[in-house]
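Following: one structure in structure tokens, then a few remarks.
Each chain carries a letter (A, B, C and D) given by its place in the written order, and its residues are counted from 1.
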Amino acid sequence: MTYYDFKVRVRYGETDRMGVSYYANYLVWFESARTEYFRALGFVYSEFEQQGILLPVAEAHCRYFAPSTYDDLLTVRTSVAQMRQSSIRFEYQVFKEKNEKPIVTGYTVHVFSNSNLKPIRIPEPLRSKVELASLDL
Amino acid sequence: MTYYDFKVRVRYGETDRMGVSYYANYLVWFESARTEYFRALGFVYSEFEQQGILLPVAEAHCRYFAPSTYDDLLTVRTSVAQMRQSSIRFEYQVFKEKNEKPIVTGYTVHVFSNSNLKPIRIPEPLRSKVELASLDL
Amino acid sequence: MTYYDFKVRVRYGETDRMGVSYYANYLVWFESARTEYFRALGFVYSEFEQQGILLPVAEAHCRYFAPSTYDDLLTVRTSVAQMRQSSIRFEYQVFKEKNEKPIVTGYTVHVFSNSNLKPIRIPEPLRSKVELASLDL
Amino acid sequence: MTYYDFKVRVRYGETDRMGVSYYANYLVWFESARTEYFRALGFVYSEFEQQGILLPVAEAHCRYFAPSTYDDLLTVRTSVAQMRQSSIRFEYQVFKEKNEKPIVTGYTVHVFSNSNLKPIRIPEPLRSKVELASLDL
């Protein structure tokens, strides 16, 4: 699996009075996409947490090319572009239905951490299952 | 102190494409108002939590009479209308600047709880400081 | 159709530091559930808006019996319990998977309005398609 | 004025079950900070909108060095680092009280647009009032 396509429908309250999806929501949808990327690989993120493994964010970036709005069914294409000892970099492309170019692209970098938020090595079963792929943002 | 007036400015992302404040945000502002009500009485809610005292919500209600929108500076008038053994009922009136009638009214009921979310008695210093007052919603 | 079951997965950012879903989010999920209730009846709410028909909220109420948390897959059972000339009352029950009792119940009242937020009659095709049903909250 | 210091208190619902402020909220606070930056210069952003001038976002970036949590009173230092014909680049540093190093830094790029979201020249009175300053992120 080089990427996972997560679908999300824009909620009314996620729009603003400009009539479009509020910009911070893309980070929220990226996070749901990460959860589903892990699940598709066979990992449940909440079980990491039960083992004391956290995944705080170190960096986030978005580029906005076109708007979305209420009731749009978006696809968030998600890949892992890089893994270092502790850190993992996700890339995202957001598509509107039947649209060819992404309306938003972005990436986030996270650090696998223990419950004191100290970096730890990426858990082995995860590392070996992830197939690195860049979305060429 | 029979009530506390908390001021909050409506954020852009708190509006929706109807051009008005999204309805769920009033519950968010009520919560900030509770924090400031406690602080005005001399209690810091986060210190309750450090002592293992939580205040989950049991009930919430809002009545919406008129809209607010981006950049409005709202006043959330907050009182405690009732205390039982474990539970506390807050009442709220939301005013726009210079406006006489509330645009939104509401109440929330909370249960003082330990860290297992089991009800506990309302802490004595708080109980004796609160001056009960209904806002006649 | 007496009710519609909308499924929603709790997002990480929808939890708070008490470890549970933040209380205002239930109103957000209720709204997604209304959108899907309408769609299941054959109506797309965004098309109402294109016709200048809005559905602002007049009242909202929630009762919280048990918490939910990150990654829970919730079912929001949604019915229309009452329609008057302009107003419509939705009722909601929120269930956790395989759970028999609702963890949260609620209702919202909305007023069909024109673009100046003045009440209008409930559109006929909608009125005749809705099958009234109370969830006995 | 080379920068403006906007203060914001972290709300309970802005934390997540990791116990810290959810990462997308920094973008929300950046936006409030922009509003107050403009106001400090003598411009009310909602009046731009009344004149048909919008300011959609083209790019957003955050770097997270340390967490914040409920009830923290944050300072969002905000400057304009660059203006081109249509676009404006804001930079941000987020400080906790009495803390010397920023816990989060970021920037956003926006495009002055008409109501059809087509780029327009930055309004002259604004351009001449802004004093460019980089926060050296």
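Note that in this section contacts are C-beta pairs under 8 Å (C-beta built on N, C-alpha and C of every residue); 3 or more make two chains touch, one makes a residue touch a chain.
Computed from a prediction, not measured in an experiment: that's the story for all the values here.
Farthest from subunit D, judged by the mean position of CA atoms in each chain, is C. Interface comparison, A-D versus B-D: the pair with the greater number of contacting C-beta pairs is A-D.
If you average the CA atoms of subunit C and of subunit D, the two centres end up 34 Å from each other.
Rounded to a whole number, the gap between the C-alpha centres of subunit A and subunit D is 23 angstrom. Subunit B and subunit D have Cα centroids separated by 28 Å. In subunit C, the residues touching two or more other chains are 12-13, 18, 20, 23-24, 28, 31, 70. Contact residues on subunit D toward subunit C in their complex (touch as defined above): 12-13, 15-20, 22-24, 69-70. Within the complex, the subunit D residues that touch subunit B are 9, 11-13, 28, 31-32, 35, 44-46, 70-71. Residues 18, 20, 23-25, 27-28, 31, 54, 56-64, 67, 117 of subunit A touch subunit D in their complex.
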